[in-house]
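Naming follows writing order (A, B, C and D), and every chain is counted from residue 1.
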């Protein structure tokens, strides 16, 4: 059995400027943050991101100037920060290209790609401006094969005359990066708790890199094949990165870090403070170990999940000062 | 928390003559056989069955005269019997109405129903007679709302001109009956091993009846929500029926019964012998306990799964005489 | 913090809104919940009059029984002890699109008199003055739940004659327009605001004032609304019970994460 | 039972066919296997020259490492110790339709010179003389695997000029006809029969005899074929090695379930 283990820096180096990419997780859980910091440290440019409900993984990446275009439904940290500050500023300053879909819309697009179809039908979005308006112009679409030539299409069902369906185009990306709880060296992957859209995101990518809290033996994984997230051929590389989603939660491993998220949102509102944040946590440290040292062991220990809960039940989440 | 427990006879009594129905499992595993025997005992008539790869569950049901029309991809017990004897005879004698799809086609139809869509697209079947020919006439379809008015439709992708997709109509049934390993009284269901198409079959039915090897406590099921097959509202009734899939296997509980399957296939080749089989195992016993007694405890014990394998590793499966 | 005193009870505006939202949930209903007030309302309903309501979250937790209030719909707190853990595709297709969700909660920056909501941007869509997070699942809940409960800040500029972008379709332009647009079910049933409760006329689907919060009058509310609001027949919003407040404060949100 | 003696080895026809089928699998390939000979071939390949081939079954077992030969593709033996357990929808969409299956095995009652297969019925389709089980997943494998290996009984009536029903499309009427019908990839690469091995010409996609089994001649095989069969260049089918026979008999099928 071939080992798929890879180092984090080496894995991030695989992603060229201009690459199409999706990142796993949902708003405040299981984003591959260590990988994101490494992309920023390696000064990637002109990335094309596809996602449903990212959080600060996208916010810091596009704030650091790595991103050209995004297709998405939502970008914020929910109760930790109800808008991605750099996302808001990038749109308002005209510094980013984007297209809006709904969460169901983006998930439908990933699912179509995973299923090997050019599109899937849905019944959502009719009557909305998510349906009626386009942020990208026809010229922008025509000029760039990384984006679907059409935002969507409408058809009538041949089985129920008069019934309209919205057809949404499949997503195909060059890369997908996930952060999960457990994997084997051979690339078998297990997610605990919600799967979000990690499986279908991975299945529409050419190269799938999984960063992981814990490496487990092959026999352990094969005792419960029902829990495996992806077929073996879908995983290209595995990087062992404990705390790799910080400041976001990983169910059964650690909770979100309210202090770090508060600091991030405060910093990201002001250009200079955001640069200082990047300098302290990304550019100013050589690697993710350096990042974790900057956050500090005491803080990290306070986030560790209580096995009876899967999170930290006594964690102070509000009114931190 | 309301209990969804029901008796087997009471559950089968819910199904009226002429009902549309799908049964869980795949060829030689996890068919709800105890429920099937009860349908036969209650002399149901004119059932409409929808399935992908049923085995003897359908064969005995249609042999007993309970079935009017089937839509399917396959009907046999694989290496235990490479054709369903009563299925073959029913078709050849013109005693049954049917429509052929492929396994992927039928699964696509269940998935469309589960997703709340009138159809789903696929890339399969082009060039085949599964695609080109229809067993049901346009008149038969027009006369009966239990069957889709169209077998299928073809469209060109609006996203990739020239690319053809096959659209297959959603299935909706009044009943779906599954047999699974574990359930709670409240209707949370867990399948061990392959799920087949059980989840999507259940999600396109009005009433879902689950027969189950073992009732487990609510807390046990909720410790691993990743293993739950269906949302709670999708399960209507739960019947506790150990050995309820005999003579077919249930992973981690018992193996297929090669002797019983051999006897069935031998009997089902000859009309009189098939009647004798029904008399012995269905009509001649009052209930499923009677059936199990007719099979015999020694035989049942020999089928029990070895925990290290999930089946019976030393079971004699060939050359039984 | 607005505190409302209605002898002998004292409760905050947030508490009144959470209780009002909770009362929109019936027992045995499937509830599609979001972060903040909807979570307070859904948890309160589950712990009071609707013990069998099934709470689901778009990120993948089904049948949640939360011991601690989550900070997001993707929070581990939604999934521990839940009936089922899946992902977005399963929730959106098998549950929402398939018509299994009775009530969904949504909110936004702007809302018009037909319950259409904007949570995308203010100003020109391609060059906005203010950008918000975007739809998330709101557009989908608005399209496909059997009914929706809307939570809103009640200010004149947030309830304008015309919103800048329809993220989540309500009754569109009223009458049959929602159905004609291709939506097969649903529509907003109520708007719980910081000043009162709006409902919709059966045929025209125009909003009217059903109740104004204690301490305010129908006229106060009408004056703070950007569109013409029929206030005939409006009454005072029923206040929380002692039991509701007790559970809200001691069980649902003892950390006072969303409660003020 | 046909026994073929080729000093110093003695092996059965079934063993020869299983070995011949196994050799069609390359290491690291994704193999979509069916019951009977395909299982023998896939297990043999995994235990000899293709240890990293990934065996998948349509009923939901992915990356099987079988300790005992299954009786069906839904057998518990396929899933114990497998890499992943799912269902038919996942296998058909995420793997087969998405183009991740390198080689699929299929068989049938009739096969024509373009590798089209009938496993549905003989005679008039609506009033057949003989009904078979139906497609199962065969039609889908034939449409969507990158290539297919066909297993067939070699008799004149089973290899006719025209088959009664195309359950599983091969090269249809040859040339570009498969592509024109809407199939985006795949097609049969080889037919392993009870008498020899057929392959297909690159452009016309017509079957020709690649090899005849030991003890037979090209003429024998041609005479037992219902369509015109080009036998030019045909050689004798390579015989099993001692190691292959040993593993087949002692490891793959010691119970002699499919082996004769």
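Please note the rule applied: a residue touches a chain if its C-beta (ideal position, glycine included) is under 8 Å from a C-beta of that chain, and two chains touch if they have at least 3 such contacts.
Just so it is clear, the structure is predicted and the values come from calculations on it, not from any experiment.
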item: Chain labels contacting subunit A and also subunit D; value: B
item: Number of hops, subunit C to subunit D, where each hop joins two touching chains; value: 2
item: Averaged-CA centre spacing for the pair subunit D and subunit B, given as whole angstrom; value: 27
item: Gap in Å, rounded to a whole number, between the CA centres of subunit C and subunit B; value: 42
item: In subunit C, residues with contacts to at least two other chains; value: 61, 79, 85, 97
item: Sequence positions of subunit A contacting 2 or more other chains; value: 116-117, 122-123, 163, 193, 225-226
item: Graph class of chain-chain contacts, one of line, ring, star, complete, other; value: other
item: Chain-chain contacts as defined at top; value: A-B, A-C, A-D, B-C, B-D
item: Residues of subunit A defined as touching subunit C within the complex; value: 25-29, 52-53, 72-80, 82-84, 87-88, 91-92, 94, 100-105, 107-108, 110-111, 122-130, 132-133, 135, 154, 163-164, 166, 193-200, 249, 251-252, 255-256, 258, 305, 309-311, 313, 317-319
item: Touching residues on subunit D, where the partner in the complex is subunit B; value: 35-36, 57-61, 67-68, 71-80, 85-89, 92, 96-97, 120-121, 125-140, 142-144, 165-169, 172, 177-178, 181-184, 255-258
item: Complex contacts: residues of subunit C adjacent to subunit B; value: 30, 52, 54, 56, 61-63, 65, 79, 81-85, 93-95, 97-100
item: Complex contact set, residues of subunit A against subunit D; value: 1-2, 114-117, 188, 203, 221-223, 225-226, 228, 230-234
item: Residues of subunit A that touch subunit B when the two form their complex; value: 116-123, 148-150, 153, 155, 157-160, 163, 165, 167, 169-170, 191-193, 225-227
